[in-house]
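Look for subunit A in each of the two complexes below; its partner is subunit B in the first and subunit C in the second.
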Partner chain A sequence: MMIKKIDKNQFKELFDKLKENYNIAAPVLIDKNKKTLVEYHYIDDFDKIDWDEQADSSPKNIIFPQNAPVGNDYKEKQYYDTEQDTLILGVRSCDIEAIKTLDQVFIEDEMYIDKNYKARRDKITLVGLSCPQRNKSCFCDTLGFNPVESNYAPLYIFKDGNEFWIKVKDKKFESVFENLPDGNQDKLEELIEKRINTFTESSFELDIPIPLPEKEMFEADIWEEMSEKCLGCGICTYYCPTCYCFNFIWEGKDGESTKYKNWDSCMFSTYSAHASGHNPRDSKEKRYRNRIMHKFSYHPLNYEGLGCVGCGRCIDRCPVNLDIREALKLTEKYLEEKGGAKSGKD
Partner chain B sequence: MEKTDMLPHKAEVLEIKQETETNLNIKTFKVKFIDNDIRKNFNFKPGQFMMVTVYGLGEAPFGFSSSPTEKDYIEFSVKEVGLVTEALHNLKEGDKIGIRGPFGNGFPLDSTEGKNIIFIGGGIGLAPLRSMINYVLDEKNRDKYQRIQLLNAFRSPEDTLFCDDYQWWENSKDTLVKYTIDEPCEGWSKCVGYPHTLIAEELDYNLPDTRVFTCGPPIMIKFITERLQELGIEPSEIITTLEMRMSCGVGKCGRCNIGHYYVCKDGPVFTLEQLREMPDEY
Partner chain C sequence: MKKYEKITEEIVEIAEKLLKENTVEKVIGFGIGIFTEEVTPIFISNPENADRLVFNSKAEMSLAKYLLNYKDQKVAIVAKPCDSRAIATYLAEDLIKRENIKVIGINGCPGIENNTACEECDIRNAVISDYTVGKKMTEEEIEAKLKDKEDKIEKMTPAERMEYFQKEFERCTRCYACREACYVCYCEQCFTEGNQPEWVGDSVKLNDNFTYHLMRAMHMAGRCVNCGACEMACPEGIDVRALAAKMCRSAEELFDYRAGIDSDQKTLLSDYDVNDTESGFME
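== the complex of A and B ==
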């Protein structure tokens, strides 16, 4: 591993050099009629990067776009959009973990590898960013993730004022960074240590077994109360960096039609409705239960790890202020009252 | 065919057969892949399903209704209920559709060898069963199974399906075939009544080592499975298929889940014993 320490101007030069070989996406502040948002966009200008705010939407939008063509009917062509190599700059731990989850689902399962996702993903390098402070609603550390470090990104940045520490974890990139000044590892560790302490002070405490016991929590009586206000708008799932439900649709006339993979949401009432009119999840409490259970029971039963990374976006975005932390607290209480919880794997 | 391929392969509609007339509109499609290699390498098990594309419109899941012992073509039967099914019903012989699959686990053929089998199918639910019925009654396979009994349930004589098969089913070795409709009807001399009320009187349900396969509308499945248990059949020997809304067929798009199971990949065939372990959400 290589550790480099550079200032803003040096980073700017580095950025311009990288630009020659990569498309670069990063969180930028956009002013949509004064309602400011931070989103991941492709950029040319280093100064546009917003290092301080957690992005409103996650890099999922780039790796797994909301609408993407899969292929074309009669030509039997598949779209792999294998354009240029891409760097996504400034991806925080929660989003890195979320991308790990998407990778698990779409490329690491032998049963089915999503070729379109893989082609896109193979071209993308994540450049992580150590989280400077806790945001309003996030709780990644409660779920066991480390907000200030992540091993899944081959490049990782620690920003300290106007200075940038860069950990180069993948040998492949060493030549790019070779001529930049080295950073002192001990000093960096000190910085990391100090930063992690600022997080632990305000942790959200939670003690639940993972995976949640499937049948027991499915039958628990907490879901109606929890979901009472839900509008079924699906915003929580669209902003969620790990939600990956999708729908295939065909568009265009017979003979020249294209198949698209579009985001879908288990919070929509039509999502699971049968043609007969029967719907196994015909109420908002069932849909809400499915969303939470998928993240904390079903996903962990099918794959390693959680289906939620604690980014807090669903909490900030929900128009009626439903808070997933409350659902988790209710779960904790419910299982406690039932007398000690066993995980769904036992 | 690679499972990872989310684009369908083109198939030609060879023959369309109108099964039912008025009440339920069901047609059976006989199709074959255009590409010879695809055709040769396409293997499926009864109980599995495919995603059928009407180009430019959409895709929907259908069970195979022909037996894999038929090598020259594939059949599936479609009840018209919505967009894709309506478009399929409007197709003509010679038209092209897209097919991807096969998906799902399929019926347990191997572990059923040596057993007595009962098939109880209701309406379009007979379609996936027919794939297995034709498979076990096929000359090459018939001796692997004991007595085979069928109880085919339809709403009315107008709704009977696969009539061309009845004769050879009835004439097969050690095979009993019964038919029932919901209400008495002039000219109908076979059974009358819901199928669960007929199991005890019409079938030899208490042969040792009997396995029951049942497909049909959810309410029928509910009554049948209750009745079978009353009659002493073990939940592990009661086998059914589930239907869920589907899009991908490979356990990824999310919509067909029951708890952590995906009906498209872990099903659509389940034993009653398995269903009892699962959250009740289907």
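== the complex of A and C ==
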């Protein structure tokens, strides 16, 4: 592992050098008429990067776009992205962990490897960013993630004022950074520890078994209360960094069609509607149950880790401020009253 | 802000009384989240919890739509003037029973932060209520509050307008939050959900986004109460309200019709006048 320490100007130079070989995406402030939001966008200008705010939408949009063409006229023609290598700069732990879940589903599951996702993902390098402070609604540390460091990114930045520490964890990138001044590992460790300590206080503590017991929770009588205020829009799933449900759609005209892999949302009434007219999730409490259970029961049962990374975007972006933390607290209370249920794996 | 605090106090008092006396089973109102300071809809059935109800400048959601979930229950609802118009429209459309609901109407609504619809609001008092909170605003006071703002979209040339809406709808992810937040959008099956015919393509493309927003706007004629809930709900900051607001203005200009002014009024699209020359429609 290589540790480098550079200032803003040096980083700017580095950025311009990297630009020659990579597309670079980073969180930037975007004026959206009625709102101003921080989002991941491809950029040319280092100064545009917003290092301080958690992005309002996740880098999922780049790795797993809302609409991706995957085939043509029912033939097996694939639309692999042929773009040059991409760096996603300033990805925080929550989003790195989220990308790990997407990778689990689309690449690492031997049952089915999504070639389109893999082709795109292989070209993308994550450059992590140590989270400077707890955001308004995030709770990654409550779920056991480390906001200050994540091992899943081959490059990791610790920003300290105007100074940037860069951990180069992948040998492949060492040549890019070798001429930059070295950083002192002990000092960096000190910085990391200091920062971890700022994350101790959280008003949200949680004690639930993971995976949540599938059958017991499925039949629990708490879902109506949890979802009472839910409007049934797709915001929580669209802005969630881990929500990956998709739909295949053929679209086209004049005898030509393209197969798309589009985002779907379990919050939509059409999500699981059958052609027969039957819908196993015909009410919002059943749909909300699916969202919570997928993240805290089904995903942990089928893969490793959680399906929620605690980024808090579903809370911040929800038009009625439906809070997943309150839902989890209700789950905790329900299981407690039931006499401490075992996890779904036991 | 004294006004909000006073309204909150009055709401709590009325809600507590209604629940204690078993006049209603539930009070639908605004509250504060457990882990945040954000306003969120809450549903109170225990009089002891009535003090969780609040009203402040962030109470941006339209609560009226929740009434459709409790059609056969006796419920009370906290209603901003715009929400009271929505409730009046539901009554006019015969969707809810008057005897089942108690409206706690807010008079002299001090408005909602960042909601541009509030600047255009010339109602300011609940149009329908069983209990009122706040202080009724006089017509002069309402007039004084109305900001003389020129409508920049009306002033645009058709080409500029096309460009403006292209830029707006380009960002739409079709999460349908505008639809779900809107009290008008209660169809069991939205035109976006059908596939025979498929009015709107599944992929998020500019032309399909246009189709969605324009078709939705068409359904707003004579029903939209210009509450701004769609715009507040939009996660992409799109000027969603512009089209619906235009439909409001058109209904008023062409047919002298405003939705949700009176719970007995006939709805615009289910009424006709034999002397109607249809000039508005044909022009």
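Here is the rule we go by: the second predicted complex is superposed on the first by the 339 of 346 C-alpha atoms of A that agree within 3 Å, B and C clash if a C-alpha of one lies under 4 Å from a C-alpha of the other, contacts with A are read in each partner's own complex, and residues count from 1 in each chain.
Operating definition for what follows: a residue touches a chain if its C-beta (ideal position, glycine included) is under 8 Å from a C-beta of that chain, and two chains touch if they have at least 3 such contacts.
Remember, it's a predicted structure, so these values are computed and weren't measured experimentally.
Superposition of the two structures on subunit A shows subunit C fitting alongside subunit B with no clash.
In the superposed pair of complexes, A:Tyr271 makes contact with subunit B only, with no contact to subunit C.
In the superposition on chain A, A:Lys34 makes contact with subunit C only, while subunit B stays out of contact range. By the document's definition of touching, of the two partners only subunit C reaches A:Gly232; subunit B does not. The wider contact with subunit A, measured as residues touched, comes from B rather than the other of subunit B and subunit C.
Look at A:His294: by the touch rule set out above, it reaches subunit B but stays clear of subunit C. Shared-chain residue A:Tyr156: touches no atom of subunit B or subunit C.
Applying the stated contact rule after C-alpha superposition, one finds that A:Phe218 touches subunit B and leaves subunit C untouched.
Once the two complexes are overlaid on the shared chain, A:Gly255 sits against subunit B while remaining clear of subunit C. Residue contacts after overlaying the shared chain place A:Asn247 against subunit B and subunit C alike. Think of it this way: put the two complexes on top of each other by chain A, and the tightest Cα contact between subunit B and subunit C is 6 Å. Overlap of the subunit B and subunit C interfaces on subunit A comprises residues 247, 249, 251. Within the complex, the subunit A residues that touch subunit B are 70-74, 76, 78, 105-106, 111-116, 211, 214-215, 218-219, 244-257, 259, 261, 264, 266, 271-276, 278, 280-281, 286, 290, 293-294, 297-299, 301-302.
Contact residues on subunit C toward subunit A in their complex (touch as defined above): 33-36, 38-43, 61, 65-66, 69, 116, 167-168, 171, 173-177, 179-181, 193, 201-205, 231-239. Subunit B meets subunit A in the complex at residues 3-7, 9-10, 53, 55-60, 81-82, 85, 98, 218, 243-245, 247-248, 250-260, 265, 277-282. The touching residues of subunit A, when paired with subunit C in their complex, are 32-37, 56, 66-67, 136-137, 203-204, 228-229, 231-235, 238-239, 247, 249, 251, 260, 262, 265, 268-270, 315, 317, 319-323, 325-326, 329.
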